[in-house]
Amino acid sequence: MSGFDKVVHSYEEALEGFTDNMTVMVGGFGLCGIPEGLIEQVYKMGSKGLTAISNNAGVDGFGLGKWLEKRQISTMIGSYVGENELFEKLLLSGEMEVILTPQGTLAEKIRAGGAGIPAFFTATGFGTQVAEGKETRNIDGRDYVLEPSLTADFALIKAWKADTMGNLIFNKTAMNFNPMMATAGKITVAEVEEIVEPGELDPNFIHTPGIYVQRVIKGENFEKRIEQRTVRS
Amino acid sequence: MALTREQIAMRVAQELEDGFYVNLGIGIPTLVANYIPDGVKVMLQSENGLLGMGQFPTEETIDPDLINAGKQTVTAVTGAAFFSSAESFAMIRGGHVDLTVLGAFEVDQEGNIASWMIPGKLVKGMGGAMDLVAGAENIIVTMTHANKHGVSKILKQCTLPLTGAKCIKRVITELALMEIKDGAFHLLERAPGVSVEEIKEKTEADLVIPDHVPEMQLN
Amino acid sequence: MSGFDKVVHSYEEALEGFTDNMTVMVGGFGLCGIPEGLIEQVYKMGSKGLTAISNNAGVDGFGLGKWLEKRQISTMIGSYVGENELFEKLLLSGEMEVILTPQGTLAEKIRAGGAGIPAFFTATGFGTQVAEGKETRNIDGRDYVLEPSLTADFALIKAWKADTMGNLIFNKTAMNFNPMMATAGKITVAEVEEIVEPGELDPNFIHTPGIYVQRVIKGENFEKRIEQRTVRS
Amino acid sequence: MALTREQIAMRVAQELEDGFYVNLGIGIPTLVANYIPDGVKVMLQSENGLLGMGQFPTEETIDPDLINAGKQTVTAVTGAAFFSSAESFAMIRGGHVDLTVLGAFEVDQEGNIASWMIPGKLVKGMGGAMDLVAGAENIIVTMTHANKHGVSKILKQCTLPLTGAKCIKRVITELALMEIKDGAFHLLERAPGVSVEEIKEKTEADLVIPDHVPEMQLN
């Protein structure tokens, strides 16, 4: 199916058209389920002035932490800084604009962007800094904040398996933000562990239908670094 | 004697009911899972996209694709389900989680909670905490009653940026179990051997003290 | 797991607490994926004054068509009347209040209800009767309508398989409205073709996590009537 | 000669591009699937929750759990996916479907469309039509140019309740292919053997007619 073959064979091709000053979503929660090779490629390209939308910004020296090193991000939209020292430093110094967004609101803003919902009300963040400058409204006795949706020029996501038509499945908690981001990118690029033929994924259990995915690339070397290695004692 | 972290977790665990879906935050709340009463089954929700979080893995079963909201490697119990963050917070925001336990820097007598930043000093980000406090009917905050200089964190009014407004009803510290209602903390239980006087002293907020304040039962 | 065993063994038990004048969501699209036994039970009970939320109202004499026969529904919220003559008659005569709602808006209103979103903006229906009396707003050059969410006292849904903890999977297009309704009912009852033990459904491919489901019943006799039997010539 | 239903579908099919995701409404639009040009592959979306709709089943493969938005039993092609109605309309509303083809009672020169009810006479309900016209960038309306009494359905202003406002850009009837822009219908093609005069006569709306109006090529 010519028109539906989404597979690309190099990271260059996967990121064709990606330029400075774009808005880019990057899947993952912490270092779990991040598109490692695509992140590395943007790092190599040295693109600047990016607005990055991602729950976290990786760790120092890995994941989006690398973009921070090169000061590639001018605006970061995420929910958690955590122990990423460089992120915290850039935030506190004001060198990088940071729009901290509650995790659930972030997930919903991205889903809304992909689903053609320009804005929605949520109770999350009412009465906090998050609601400052935003419309609020009391509906049936509860207070809510109006949150606009998010979309991006590129969504860089990580899936477990893809078929060549871009149908995706994710593995366990490596799913996280990836399915919503797939829907919200003008160009969605999925880096996957395995590419199979159409029909090999059960149509009843597709997490992300191929309509949302423009390019698929098989990742070369997933490091899958673990942030908090905890084992039973 | 002030409660240890483990004892706080033990007391919280008494609030669990059979069949509860529960979200446990990072820190002391996580320890609650170790003290689930006999005969009580709960399913732990981890907001990154897991319902049915199990114990930590062995070295052999560790899986980088299976972590909890604290980014720790975990396992999934029988009957678990994985899903996206949007679905996960649909559960939370939609009020489907029966109980949320989380930590805080400060709480106040209006039910406000501050837990995510100290201006100029510490910015961790709110992560899922704002969603959790907005979404749960039933929230227990675990925290220390005062800082190491003895300055109360149980306040008339929070001084730090809020995580949520008017959402907290129950607080368990190393000294006391308190309920927030009608603009005041109500002292319901005290830690074994801790005097009402000490609690009063370490509480900046208005504190309603009944005639009899029972000691916590930690079994 | 005592507290998580959601299985009930009779339709009476499945509908315990269901009373007159309640709001009830009923899954299905046409006659595909409808909870046949639960619908029959409400018919038998003769509950009156119901607000029914369902894409269609069955056909004459089957599915929700039976509730129409007994005039059990006082308000119907759905998207399609189609060839259901009694539905059209009750609508035109005004004997039953009908709130016709675009199918996608209906699906999203139900999802929003389950997800704690009290209202959202959508372009669907702007400039039509659907928008009358509703707040509208121009956002970034497009016109939108504010739509409030929907919830229900009971959601009666149909799934393919459940485990005893209420985790559900659906079959093909019999999924339709069922997953969203599962999230939006105060009490969600799932009528299923097969009940399995926890662990038998792959946790990576659960359509509806058990947290949304209060009761599970094995359907006795699914008729699975076909509305438009079409075959290749 | 006015086009047959099949010929209208043939002409619509020429608008399909390789790799398009397409939603085909009930009636003539459904027939488009029979005339997909060689070398062009499209995936058909059915708004009840299927991407990759295939042909009708055989008696042996008929499955009541597999229907299209017209409630007809269908099959799924290789590479198909099933999903909920919320997901399906997220696709539609979010503009992910490349082309939508649907019928109408009336269209007007502002791009308005009426297709779901005739007050006092017929109430079918809008089903997914309002979402489809609001969500798609690229919509083709197929309809008859006039009713059986010769009354035009290509209007200055719709008389029936609208399905969508200012959303239609392209209309194909048994007589003509027209584009709506700048508040008028622009005649782009005429059916083979149909005169510009006849089209003009059966069009109540403002009709912009270029010097040369080519005949449709139906191959």
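Letters A, B, C and D name the chains as they come in the text, with residue numbers starting at 1 for each one.
The rule we apply is simple: a contact is a pair of C-beta atoms (placed from the backbone, for glycine too) under 8 Å apart; a residue touches a chain by one contact, two chains touch by 3 or more.
Being a predicted model, the structure only gives us computed values, none of them experimental.
Graph distance from subunit B to subunit D, where chains that touch are one step apart, equals 2. Centre-to-centre, using mean CA coordinates, subunit A is 32 Å away from subunit C. For the pair subunit B and subunit C, the distance between mean C-alpha positions equals 36 Å.
Note: centroid distance subunit C to subunit D, computed from Cα atoms, is 29 Å. For subunit D, residues that reach two or more other chains under the stated contact definition are 76, 82-83, 89-90, 92-93, 135.
Of all residues in subunit A, those that touch two or more other chains are 108, 111, 115-117, 122-123, 170-172, 203-204.
Pairs of chains in mutual contact: A-B, A-C, A-D, B-C, C-D.
Residues 108, 112, 115-123, 139-140, 142, 144, 148, 169-172, 202-205 of subunit A touch subunit C in their complex.
Remark: subunit C residues 29-33, 55, 78-82, 88, 91-92, 100, 102-108, 110-111, 122-130, 143, 160, 170-180, 207, 224-233 touch subunit D in the complex. Listing the residues of subunit D that touch subunit A in their complex gives 17-21, 39-43, 45, 51-52, 76, 78-83, 87, 89-97, 135.
Residues of subunit C touching subunit B in their complex: 1-4, 111, 113-117, 163, 165, 167, 183, 198-199, 203-204, 206, 209-212.
Every residue of subunit D that touches subunit C in the complex is listed here, in rising order: 46-50, 55-59, 62-68, 70-74, 76, 82-86, 88-90, 92-93, 112, 120, 123-131, 134-135, 161-166.
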